[in-house]
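You will see two complexes here that share subunit A, one where it goes with subunit B and one where it goes with subunit C.
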Partner chain A sequence: MTDTTQPVIEACELVVEYGKGAQARRAVDGVSFAVQAGECVGFIGANGAGKSTTLKTLMGFIFAQSGGARIFGLPPGAVESRRRIGYLPEVALYYPFMKARELLELYGGLHGMTRAQLREKIPPMLERVGLGERGEELLKSYSKGMQQRLGIAQALIADPEALIFDELSSGLDPIGRHDLRRVLLELKSKGRTIFFSSHELTEVEALCDRVIMIHQGRIVTQKPVAELLKPLNLFEIRFADINGELPTEVKEFNPARQGSEWTLRLDDLERYTRALDALRRSGCEVRGARSLTQSLEDYFISLVEEARS
Partner chain B sequence: MMNAGAQPGNGFLAMRIVARGVMIELLRRKDLYVLTILMGAFLAGVLAARSIGIENASTGTFLLNLGLTLGCICAHILTLIFAARQIPDEVENRTLHTMLAKPVSRMQFLLGKWISCALAGAVSLIALQALCLICTPWMEAYSSLMLAQMFILECASLALMSALAILFSLLAPRGAGIVLLAFIGALGPRLTDLCKARYADSPLAGATGWLLEYLPDFSRLNLVTRFTDGIAALPAGEFAGLLLYAVVLIFAALVFSAVIFERRPL
Partner chain C sequence: MISLRGVFLIAKSVLIEAVRRREIYVIVLAASLLIGMVMSIDFFDIKGLTKFYRETALKVMGMATAATVIVLAARQLPREFERRTIYPLMARPISRLTFIAGKLLGVMFSAVFCFALFMLIFVFGTWRLGGEIPWGLFLQHIYLQLLMLLILATLSFWLSMLMNFDAALTVGALFYFSAAFASTVILYLYDSSGTLFRWFLLAVNYGIPQLTLFDLSGKAVHAQAWEPLSFSVMAQLTAYGLSFAVIYFAFATICFRRRPL
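After this line comes the complex of A and B, so read on.
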C-alpha cells in the first residue's frame, strides 16, 4: 500500500551524462522533482530536452552520475518497486513471435498473477485498449499504433499503483488517443499515480494536475496546470457583415477578415463591451465572443523561446 | 491497490517465465525447422544404412559414433547461435526495457535466458542422439552407465556453451562472439597445444600455459568415442571431476555475464 507521506516518484539533483571524458554530454543536469501519490503529472519538453533520459534513470535502465532517484522510497531498478509500477517505454515494440495474449500472460506472470487471474483479466484488458479481436494474432502483424495500444495493456495488466509512460500517445490515431484519455481519466479517478512525458500538450492540459517542464536537461518550471492556463485579458469576437459592407462604427475597432467572417481582438473589457454594442446596433451577426486564456502550448513555447534567448 | 489476487513473484518463477518466453521463440522461429530437417536427414541416412545392411560391428560402431558426434555438434551449434542472440536481440528489438520494467532482476533475466537456451540444446541433443541409438544396433560392449555419463556431460557442455555464448554476446558484437566461441569449441585443445609448443622455449611459456588452462576445453566433456569404443564407464571421481570442471566454468561465465550486464546502461 502507498505511504501517502512519501513521494511515489522522487528525483533529487539528478545528473546523467552520455559519453565519457571530453565526449561527455550532459543530458540531465540537476533535475529535482517529486510526484505524490494520486497525482497526475505531465513531463514536457522539446526533443532532446532530457525527458526520456530522466524516465530511463528512474526505471534503472541507465545510471546517474550524481544525485539520486527513488520510486516508492526504493532505488531505481529495485524489483520491489517495479511490482507496483506499470511502465510504457518510448518505443513500444514487443516479441514479434508472440501473440498479444501470450505477451500479456508473460508480463502478468512476472507480476505474480496466477493463470486463473490472467485468463480472467486478459480479454477485458485487450477489449479496453481496442484489441479485443486481435488477441490471437502474432505481434509481427501489428501496426505501430496497435503495438502502442498493447503497450498500454501490458502496463496496466497487473493493476499497478503508479504508471510511468514515456511518450504517452506516440503512434496512436485520434481514436486511440481518445480511448487512451478515457482509460487514464478512469485510472486517475481511482487514485492511481500517473507520470508521463508527452509532446501532445492538449493531452497534458486535459489530464494533468501538474506539469514539469524540462529544457536542455534542466527543469524550467513545475506548476499546477490551472496556474499555467491563466486568463490573458484578451477578448475575441467573430462576426459576419451585412451584404459585404462594414459599418463605420465597427471599422474603428480594426477587425481582420478571416474567410467569410471578421475577427476582432480587444485588449480591455470596456472596448470589448463597446464593440459588442456597436455590432448589435449595426445589425451584424455575432457568431462568437470569448475571453482568451493562455494555453499550455503558448506557455511552453514562450518558456522555450525565453530559454533560447 | 495491487491486483487483489496478485502474489509477488519469486525469483525462480521470474526465471521460469523468462525461459518460457524463449521457448515460445524457439518453437516459432526457423531454428526448429533447421533441427527438424537435420533430424530427418539424419534418420534417412541411418535407415538407408540399415536397409543396405550393417554387416559387421565396426561399421555399426562407426555409424553410431558418426551419428552421436553429429547430434552433439548440431546441438552445440543450435545452442551457440540461439544463446548468442538472446540479449543483443532484446536490445536491438527494444523489448528489453519493457521486460526489465517488470519485477524481474537483471540476474534473473540472464539466468532465465541461459537456462532456456541450455534446455533447448539438451532437448535437441537427446532427440538427435536417441534417434541415432534407436536406429543403430546395440553392441554388447556398450555400457549403459557410460551412455548416461556421456549424456550428462554433454548436457553440461551445452549449459557451458549457453553461458559462454551469453557472456561473449555481452563482450563482443554478436557475429564475432559466435565465431570466436565456435573456434574455441572446435579447436580449443589443438589451439592450446599449438600455443604451448610455440611458446615452449620463450620466457612467456609459464604465463601462456597458465592462461591457456582457462580456455574452456569442450573435448573433455565429450565421451562419444569412449562410449562407442566400448570403454568402461568413468570412475565416479573422474566423472565428478569433469562435472565439476563444467560447473565451475559455467558459474564463472554466468558471474562475469551478470557483473557486465548489471553495470550496463540499457
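After this line comes the complex of A and C, so read on.
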C-alpha cells in the first residue's frame, strides 16, 4: 500500500522543452510540487500553461531536460509505479473497432487482472460511468462524452491507489460532470490520491483540498482551496415580499428582483445586520443570507492578469 | 522487461481491428477476382491451366499479403499517435518493448489470417480444376512466406519510427518489389565494377535480405521436378530470415525506447 511518509507524486525543478536549438520552446520551467497520499489536488492554468506537458512527464511519456519527477518514489514511466496509477489522457479516443467491454478487458488485463476479476468488475464499472447498456457496442459509435466516460472507466478499472486525470471533465455534459463528481468524491473518501488538471474551476473548488496554479510553465501558487476562497466583505440576502408589496423600510436598501424573489447586496456588516432586522420586522420571508467569498475563478483570473501585466 | 501476457493482449487488439476492418477482405476479394479471371481462361489444356492458376495464385497471394503486412505494420505506431490511443495504453504497467512486440505479433497474426483466407481460395481453386497440391513444397512455401512477412513487418515498424506513414509505406513497398531483382542487378554490376564499388555491392548484397529465397512458388507449381527442401536448408533459411527480423526489430525498439510520446 501507499507509504504515507513519501509524496505519491513529486516534481522537482522540472524543465521540459519542445524542439531543439534556437527553436526550443520551454513548456515547463522549473516546476516543483508534491502531492501527498490521500490528497486531492487540482492543477489549473490557462491553455498552453504547461499542465498536460507536466502530467505527460510524470507519466513518462515525454522526457524532462532537467530536474526530476517521482511517482511512488520511482522515476516517471517505471512499470511498478504505473501499476498503482490510473491515468486519463487529455483527449480520450479509443480503438474504434473494439467494444467497451473488450477495451476494458485489454486495459485491465495489461494491469495484471485475471479473466475472472475482469468478468466481475467490468459490468459494474460500465454501470458506474453510465455505459451499462452500451458495453457491447463498437466504440466508433460512441459520442465524445461517452468516450470520456469510458476513459474514466479505463482509469479506474484496476482500482489504482492514485489517479492522474488530464482535463477531467472535457466533453462531458452536466449530468456526466455530476456523475463524475460523485465518483471522485467516493474515491476521495476511500483515501485515493487524486491529481487532476481542469478548466472547470467550480469543479476544482468543490473537489480539491489544494490547488496548484501554473502560468507560462511556472508555478504561480500552490495553496489549500480554503485559503484561496477568502471573504470579500460582501453580503447577500434573498427574500420574498408580502403579497407583492415591498415594505418601505426594506426599499431603502435598493433590492433587485430576481424572478419571484428579491436580492440585496450589501457591502458592510452593519448595513447587512440592519437589513436583516428590517426584513424580519416587516414580515418578509428570508430565504437565504450569506457572506460572499472570492471564487477560485476570480482568484485565477486576477493571478493571470497580474502575471500578464 | 517484457510481459508475455501483455504482448498477447496487445496482439489480440491488433488482430481484432484487422479482422473488423474491411481492408483485408477487400484485398482478398480483389486478389480472388484476379485468380478467378485466371481460372476462367480456357485456352490451355486442363493440366496447363492448373499450373498457370497455381503460379498466378501463389504470386498474387504473396504480393497481396506482403502489401497487407507492410500497410498494417507501417501504420501501427502513426495511428496510435493520430488517435492518441497510445496514452491510455502506455499508462499501463507495460514496457515499451512489450508494446512494440505486441504490435508486431498482432501484425503477424493478421498476416496469418490473411494468408489463411488465401489458402482456402487456393485449395478450392485447385480442387475445382482437378489438380493436386504438392503439400510438402506448398507448406514449406507458406512457412517461408511467413518468414518473409516477418522481415517486412519488422522493417516497416522500424521505418515508421524514422519517417511518417506515407514515407514508411513507400519505402517498405519499394524494398519488397526491388528485392526481387536487386541480387540480379548486383550480379551484373559486380563484374564491371572497381574494387571499392565491389565492396559496396557486396555490403548491399549481404545487408539486404534476399526475399526471393523465401519464394518457393515456382517449385511448388512444378512439383514433379522438385523435392521439398531438406531440413538443413530450411533451418539455414530460418536463421537467415530471423537474423534480419531480429536486427530490424532491435532497431525499431531502440528508436521507440527514447521517443517522446
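Some observations on this one:
Criterion: the second predicted complex is superposed on the first by the 262 of 309 C-alpha atoms of A that agree within 3 Å, B and C clash if a C-alpha of one lies under 4 Å from a C-alpha of the other, contacts with A are read in each partner's own complex, and residues count from 1 in each chain.
Following the convention adopted for this analysis, contacts are C-beta pairs under 8 Å (C-beta built on N, C-alpha and C of every residue); 3 or more make two chains touch, one makes a residue touch a chain.
Worth saying up front: this structure is predicted, and the values here are computed from it rather than measured.
When the two complexes are overlaid on subunit A, subunit B and subunit C occupy overlapping space and clash. Contacts of A:F239 after superposition on the shared chain: neither subunit B nor subunit C is touched. Within the superposed three-chain model, A:G191 lies in touch with subunit B and out of touch with subunit C [touch as defined at top]. In the superposition on chain A, A:F72 makes contact with neither subunit B nor subunit C. Look at A:G112: by the touch rule set out above, it reaches both subunit B and subunit C.
Looking at the shared chain after the overlay, A:E161 reaches subunit B, while subunit C stays out of its contact range. Touch criterion met: A:R82 reaches subunit B and subunit C at once. Comparing which residues of subunit A touch subunit B with which touch subunit C, the overlap comprises 56, 59-63, 79-80, 82-83, 85, 87, 89, 91-98, 102, 106-107, 109-112, 138, 151, 154.
Looking at the complex, you find that subunit C touches subunit A at residues 3, 5-6, 9-10, 12-13, 16-17, 20-21, 83-85, 87-95, 258, 260-261. Note for the complex: subunit A touches subunit B at residues 1-2, 56, 59-63, 77, 79-80, 82-85, 87, 89, 91-98, 102, 106-107, 109-114, 117, 121, 138, 151, 154, 158-161, 190-192.
Those residues of subunit A that touch subunit C in the complex are listed here as 56, 59-63, 79-80, 82-83, 85-89, 91-98, 102, 106-107, 109-112, 138, 151, 154-155.
The residues of subunit B lying in touch with subunit A in their complex are 1-3, 5-9, 13-14, 17-18, 20-21, 24-25, 28-29, 93-95, 97-105, 265-266.
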